[in-house]
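Below, subunit A partners subunit B and then partners subunit C, in two separate complexes.
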Partner chain A sequence: MSLQNNGRVALLFVLPAFLFYLTFLIVPYALAFGVSFVKWRGVTLNMEYTGLGNFAKMIGDPFFWKSLYNTVFFTVLTGIIVPCMALYFAVAVTRKLVAGARFFRITFFFPNLISQVAIAVLWWFALNPEFGILSNFLRLFGFTDLPSWLGEPGWARAAIVAVKVWAAVGFYMVLYVSAIEGIPEDYYDACKIDGAGEWQSFRHVTLPLLSEMMKVTGVFLLLNGFGTFDVVRIMTDGGPDRATETLATYIYENAFELGKFGYATTIAMTLFLITFSLAMLSLWIQRRDSVEY
Partner chain B sequence: MRSKIVLVLLLVLYGCSFFLRGEDPKLDLGDNVMEGVFFQGGYGMQWVHDTAAEFERAHPEITAYVWGNPRAWDQTRPRFLSGNPPDVFWGIHNINFWVNLHDGLVANLDSLMEAPAYGQEGVKFRDTFFDGTLEEGQFEGHQYFLPITYAISGIWYNKGMFDEHGWTEPETWDEFLALCETIKQTGGGVAPLTHQGKYPSYFGMIWRGLVYKLGGEQLMCDMDSLVPGAWSRPEILEACRLSRQLYERDYVLPGTSSFSHTEAQMIWIQGKAAMIPCGTWLASEMKNALPEDFDMRLMSVPGFRDGKGGIGAMEASAGPAFWIPVEAANPLAGMEYLRILLSRKMAANFLSTVGSVQPIKGSTEGVNVPPATQSALDRIAAAGGETFAFQFSGWYLELENEYRNALGALLNDDITPERFAARMEAMAERLRQDPDTIRFSRSPRGDGVAAL
Partner chain C sequence: MEDENTLDRLFSGARRIITQCVFMVYGVIVVFPMIWLGYTAFKPTSELFASAWALPVEWKLDNFVEAWTEAQIGDFFWNSIFVTISTLVLQLFLGAMASYALAKYRFRGQNLVYYGFLAGLMFPIFLGLVPLFFLVKTLGLLDTHLGIILVYAAFGIPFTVFVLTAFFRTIPTTIMEAGIMDGCGHFTLFLRIMLPLAKPGLTTVGIFTFISIWNEYILALVLLSSSHLRTLPLGIAVLQFVQFYEVDFGALFAGLVIVMLPTLICYIVLQEQITKGITVGAVKG
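Now for the complex of A and B:
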């Protein structure tokens, strides 16, 4: 078969997937891109072209900036805390630093089997200042003047971060565990022969060889952080006073509560551009140095 | 071989899709169908089905197909987009009635208003409504929306607890503060007040009461009409200070700021707080949690002897609810369903099954009105019929959102009353400058019931 024929056959194989991709991804995104330049209420087909009007409005909208700030806040905090904790647990269970490592592996992964909505509802109950488990637990130790966890801006933000971390750590731990288990045992043996302790093995063997996985998880965390919606929507509804409002919840408010689909799509496109650029940047950094063993 | 099995399985699945695609129940009902879609919430759906049965008795040739969902608007929106809406509609979440009207989705109901009332000789449909309740659904003198209930709001109290301790309803704000102090001192750990802190608009029932009683009808109308400076008048600042005072004196149950509506209401029913702001839907919303012997009464937000609004005036609203989509397949049948739904007979049925009053004259006669609802009606009678209803929440959703957020922040002591006023003024200004915002205005009628 000639090279040209090979190309045609390949095209034939790619075509169904491409058509699927075109219909359900590229076309909707292109349409959304178009909607970001119009005023549209979403209940009639009446659209009014506004040029860059929606973007200008967005730049002058203080709630957009507050939502963006909060989104970055949640992304950065979870992006730092989750990998640190996940790595700590992964090393602890793979290097058998704790008894019952298998039990912890399953337990930590458990939140991933529950939907984000269920997790948010669960924590919403747990954080109720009157009958929630957290307040009642603290009262056992004599704490009486307890805050309204989800009702005060600082605590509400901390609660969102805590729940996101709780829900995510297990997943990233499993990723790190699989990566650590892929590191040849010889390296650790060599370390031992050289007289290195557990910390030095971690620093000079585990950590460098995990760098690939850490970059991948970094992209995951970035996308996850910028998409923060369900936990906030259920636990605080963006409040109090927009202290936990994220771009995703603000998009929802504009589209479905205020009926401003055009403006909401403008923010959604901006969010898409931010996450896309950051993801590309991460992948580019990742490509520059890879470790082989 | 394996790939062939997979292929056959896929083909079988594809074949199944023709038979298992889900049925549209409306298709089986024939051609002459009236479809109604309703918000399914605290009022349940019995009254909708009862009306459908009455409709079919009156018009045996038409089938009434009615259904409900808590997210009725979100679920029906694609049908509006494709030009296939139901014949009569009521949705509450995420809906902006006035923008829908502006977008040409809502049918004019003037002809329905002139029709004879269902089951009443010689009375026009329009004349069966409580005075002043139709205006909330009008725009430029035309009727577009009809109300579902005559919702009366104020502060509910646990009557059993009040009787046990000998506490009495306060009339003035000073008496209210004294009562709160007594409850705090002698209530055995019961907090004087809780509210639905996650949704600060519930506390707004107290705040709006204070504003009306301090500033009167003129201020209310100016706030609704976005008159420059209305949202930062001294009465607004005073209402904010008085609201904060409840927190500063520890009259509000700790943790309240994060309670959802059902949590706060449950906590109140459990007797951890003596009072809670809410509307007359409270009993039906909490009916599954209410102990049989639980006795609740509504009081007016306490007022001021030198205030511009009546000391016992009640917040009562018959806000927009039902409407007929312009593109409905059978709009006349939809209107007929509304004529029957809001008849004296069905309004009485609504009161006896749901426990809430519809704004239909005579619908409370001969019906066993629940004591809680009766207490609300009694409060209006005691105030000489003086009621008030702010409109900004329904007219300007952005203003309502900012109001909720700023009120929550004020109660949390995150912002000062001055900052609250400044934020509300800034949002009002933003709406005044926004060419897309539909502007409304209202002026005082002078007899306590504001005309739109």
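Now for the complex of A and C:
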């Protein structure tokens, strides 16, 4: 087995990828920890150490709190709506409760192939009060006094949630479908013999056996929700009146539009700490022995 | 239990109909905006304002021509092609080399390196964004295709290593030994024998990388500024901002069609593989 013990050769194989990874991922992330403690306008490499100054400034910044609130709002709503819809679709498709299941499986996934930018521009058009499809559709039913969907805080936030849901459901549906298809058919046969209906087999077989996949998708949804950027930036640019501003768009604005690089990184660090601890928390809450068939 | 069952039977017929309706309605919500976009791209903006639903009076390619030339979508398209392919080649090659060594050799610090790579899957892009920007700037690679290709490839390495290491582990070691017997060097062995055997794994990673790089926005936004270097998503985003003030949407509609088609076609052709790939990524990740 001397072949596989050739450490020097192995190192030569690993090194190029590792150097790349070290340079462009590890180094920036490591630096981020340092940068969040400095005041830095980015023109030169001159940084002024402020200790926890940036954090103090953040605590007193109402826009930070507003962005945080909006981010949580988007994450919670998508985190509830997306898995519910995806699970419903996945069950109906796998348990053959719907005709044309294959067709729906394919089409529902379409939005996941499109750039978030394209999705956002597409819906920005579709929600246009004059020629957009939503307004025109509602006019067919005699509604005339329609709002400018992206121009009013309440509607704009609802629109962001709706578009995020539209963009995500297909992906989660595919994940749930694969998990359900992994459940042995015998379990469902046993249910049938016991006289259980579709709802009961869902509650007593499908749902408990999906716990592992729920854990994974829970973390995905969390990361996705807290990272909300593209859709907001394109559709509303955080407006109107910062009603849709998220932490990610606020970080971008501070760093690349206002040049407050240190402060932006402080917020990014906060975003990371929140996401990371919530992810760990959700894994801990959902901890359970994994199922082996 | 009995009650629940009776209810179940009573409603099963109605439920079937409702479910079918829900699927059809949601199907329309998913597909119709794309179809609307598709045919509106052939209409002049004046027609769009006159009647938003109607099919174009004449199917003219004017918008596409305008988009491709005047709005620079043609440039953005070739930029996207160049950046995506270069990233794919670099990332797959480097990633495959590393994965091969991690799967088939034993060396000190192996686990540390492997989990070090996987940790990269956990970090949100926004945390490293500012330092990354200055790093790329310091290296003199800001606003260059080379810079963004290197960054994309580096960001793709964790996923590549994750999938390909698992894949290389399934290839029997005896094949390696046979290769060495035949007088191959380690690198020839990798290039001529192992890499071709890993083709299914490479395809999976390749498809996902293609889709994600083709659609990527935030890194392009931060790392590219010259208009002639923009990739499609970045170019479209800028175009939206500009056309909002000019109220001329034709080129933008056409641009959207151009950015959407390649990945949709890729999916329709490789649908099975993509679906399988997502599951592999999620279950093991």
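To be clear about the criterion, the second predicted complex is superposed on the first by the 263 of 293 C-alpha atoms of A that agree within 3 Å, B and C clash if a C-alpha of one lies under 4 Å from a C-alpha of the other, contacts with A are read in each partner's own complex, and residues count from 1 in each chain.
We adopt the following convention: a residue touches a chain if its C-beta (ideal position, glycine included) is under 8 Å from a C-beta of that chain, and two chains touch if they have at least 3 such contacts.
This structure is a prediction, so every number in the text was calculated from the model and none was measured.
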item	value
Three-chain arrangement built on subunit A, subunit B and subunit C clash or fit	clash
Touch count on subunit A, higher of subunit B and subunit C	C
Which of subunit B and subunit C A:79 touches, first, second, both or neither	neither
First (subunit B), second (subunit C), both or neither touched by A:122	second
Partner chain(s) touched by A:114 [first = subunit B, second = subunit C, both, neither]	second
First (subunit B), second (subunit C), both or neither touched by A:256	both
Which superposed partner A:130 touches (first subunit B, second subunit C, both, neither)	both
Partner chain(s) touched by A:225 [first = subunit B, second = subunit C, both, neither]	neither
Which of subunit B and subunit C A:92 touches, first, second, both or neither	second
Against subunit B, colliding segment of subunit C, chosen among 23-31, 95-103 or 185-193	185-193
Subunit C-contacting residues of subunit A that also contact subunit B	42, 45, 130, 256
Residues of subunit A defined as touching subunit C within the complex	3-7, 9-11, 13-14, 16-18, 20-21, 23-29, 31-32, 35, 42, 45, 85, 88-89, 92, 97-100, 103-111, 113-118, 121-126, 130-133, 136, 166, 170-171, 174-175, 178, 195-200, 213, 216-217, 220, 223, 226-227, 229-230, 233-234, 247-248, 251-252, 255-256, 261, 264-265, 268-269, 271-272, 275-276
Partner subunit A, residues of subunit B touching it in the complex	74, 77, 80-81, 94, 96, 99-100, 103-105, 197-198, 253-259, 263, 267, 272, 397-398, 401, 405-406, 408-409, 412, 414-415, 436
Of subunit C, residues touching subunit A in the complex	4-5, 8-9, 12, 15-16, 19-20, 22-23, 26-27, 29-34, 36-37, 48-49, 52-53, 94-95, 97-98, 100-102, 104-108, 110, 113, 116-117, 120, 122-135, 150-151, 153-155, 157-158, 161, 173, 176-177, 180, 186, 190, 211, 214-218, 221-222, 232-234, 236-237, 240, 249, 252-253, 256, 259-260, 263-264, 266-268, 271, 275, 278-279, 282-283, 285
In the complex with subunit B, residue positions of subunit A that touch it	39, 41-46, 127-130, 135, 145-146, 148-153, 156, 236-237, 239-242, 253, 256-259
